[in-house]
Amino acid sequence: MPSFISILEFLGTFAFAISGIRLASGKQIDWFGAYIIGLITAIGGGTLRDLLLDLTPFWMTNSIYFSTTAFALLATLLFKERIFKLGEALFLFDAIGLGLFTVVGITKSVDAGLPVWVSITMGTITGTVGGVLRDVLLNEVPALFKRDIYAVACIAGGLIYFLCQYLAFPSAVVETITAVSVILLRLIAVRFHLHLPVLKNNYTGEPDEKL
Amino acid sequence: MPSFISILEFLGTFAFAISGIRLASGKQIDWFGAYIIGLITAIGGGTLRDLLLDLTPFWMTNSIYFSTTAFALLATLLFKERIFKLGEALFLFDAIGLGLFTVVGITKSVDAGLPVWVSITMGTITGTVGGVLRDVLLNEVPALFKRDIYAVACIAGGLIYFLCQYLAFPSAVVETITAVSVILLRLIAVRFHLHLPVLKNNYTGEPDEKL
Amino acid sequence: MPSFISILEFLGTFAFAISGIRLASGKQIDWFGAYIIGLITAIGGGTLRDLLLDLTPFWMTNSIYFSTTAFALLATLLFKERIFKLGEALFLFDAIGLGLFTVVGITKSVDAGLPVWVSITMGTITGTVGGVLRDVLLNEVPALFKRDIYAVACIAGGLIYFLCQYLAFPSAVVETITAVSVILLRLIAVRFHLHLPVLKNNYTGEPDEKL
């Protein structure tokens, strides 16, 4: 069981790293810069979670996140054409990563004795903040704010987690159901183009003096 | 007394959340993205303060900040035209929030045994960093850097706080005078268009290799 | 010996602050905004390091970083033409700051009992993150990602640090050799225009729905 989780976590980290490296590749960034962007995409969410929970950042105790990102960069350099065309498969890895990272975030928060709504927030932060940092560093408005079912899938997964826990399922079952729910919600949202409405307004430009 | 402070803190959080949601509404962002931007605007400053002071982030122990932001989003969706035209009233709430958040930041730092200049810095961080994060996430140069009397009002308020404390005023009086000072300074600065000079230079563009 | 280090650390902080103020000066930012940008450039890296290591942020215990930045702003206002033309000398200060900040970051991490690769990461974070924050706040893609030999110099310096420690050199010698190595690597890289290759790709634009 742990080795199965480890393989999926490796794939999730790999997919998040590739998503950072891929976006960096259109921006006149060198190999090392692409590595850093990929790394921040993969570990950014969990790092903010650990800072907020006053825990040692998870990547300090295991070098696999740094080496997986190096592997992602190497794969990109060797098989660039094919990696960038791997849309479907990468998207699946990304969804798997999202599901697993969400579960890890919730579990760590529950272990720290936090209430339900904080734990769901931490699961969502773990899954999404890496991508937000990637976009901010590359000078884009974060895709998260335009791609609602991403964060919403984490929140729905969190609600399912605590429903399963309330029903007294064993923890391995709770975690599996949660991760699978997030992954399926994400796949369904993309498949059927599900979106929340955009907030429109005539107001544009910089915040004015009055606010 | 605590209920009066609570009402003002609620109004301040509400005003900061509205300022985030309002700026988000010009950027093709969906409802949930607008909620997150509003939330970060309202809680970003206090969160950085608590991380720097090694305290539990304040919003983890009380869900009112999340629900106030939800209320701000709901109000925006229901009364969009009116909310966005509420310039004067919102600006007043924002100034009230700034004054109260500054006092909270200073008080928490004094309780943690920090020196005067660090406490004033923490008060300023509490009042201003949420707006900086809002602007960075929406891909704007932060308004803070162009709207000097904003942060300067926090610093002046901090000096007044420690002057009052030196004069041995009771803490409730010190806190009230400080909050009112920040609010009045902000109102006066906007009313009379008070600005610090802009730093000009022929130098433009990206940092070059030599620096 | 400590006073020599202090002078160099002062020069490094000064150079980093100037680099922030200088970049701010092309962006319609006022004096106080320029001060904040300069301060964040100078202390941003060490602050993130201390948050990750769960230490009190270094600048809270000594006001010299705030006053050095004030001195940098004053110097800029008084001698603007000359300061902005100080390319060579400022670049030297910046390289000195980079070398010293890297050593401080590694030493703090070793003292905290962290493994070699985490310590090298912390040295690199200490030296580089301030400049990344400067660029993000001013709405630029961070120069770090395009100027590889900057972060790579920190990493190489880290490897030299642990090689010297393995050879059982006294700590003052280890630290001096490390700082000098980072500085020389940086000077050589700029002198001979050494760069890593840019990661190219046909893919451009925002991350798509599939990833």
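First chain written, first letter: the chains are A, B and C, and each begins at residue 1.
One rule holds for everything that comes next: a residue touches a chain if its C-beta (ideal position, glycine included) is under 8 Å from a C-beta of that chain, and two chains touch if they have at least 3 such contacts.
Only a predicted model underlies this, so the values are computations on that prediction, with no experimental measurement involved.
Peer 1: Could you report, rounded to a multiple of 5°, the rotation needed to superpose subunit A's C-alpha atoms on subunit B?
Peer 2: Rounded to the nearest 5 degrees, it is 120.
Peer 1: Interface check for copies subunit B and subunit C. Shared numbers divided by all numbers used: above half gives same, below half gives different; which is it?
Peer 2: Different; most numbers are used by only one of subunit B and subunit C.
Peer 1: With chain centres taken as the means of their Cα atoms, state the distance from subunit B to subunit C in Å.
Peer 2: Whole-Å distance between the two chain centres: 29.
Peer 1: Any chance you could list the residues of subunit A touching two or more other chains?
Peer 2: If we look for residues of subunit A contacting two or more partner chains, we find 51, 54, 136, 139-140.
Peer 1: Could you please specify the touching residues of subunit B with respect to subunit A in the complex?
Peer 2: Touching subunit A from subunit B are residues 18-19, 21-34, 36-37, 47, 51, 54, 56-57, 60, 63, 66, 76-77, 80, 84, 87-88, 90-91, 94, 131, 135-140, 143, 147, 190.
Peer 1: Of all residues in subunit C, which touch subunit A in the complex?
Peer 2: Within the complex, subunit C touches subunit A at residues 51-52, 54, 114-115, 117-118, 121, 132, 136, 139-142, 144-146, 148, 151-152, 195-211.
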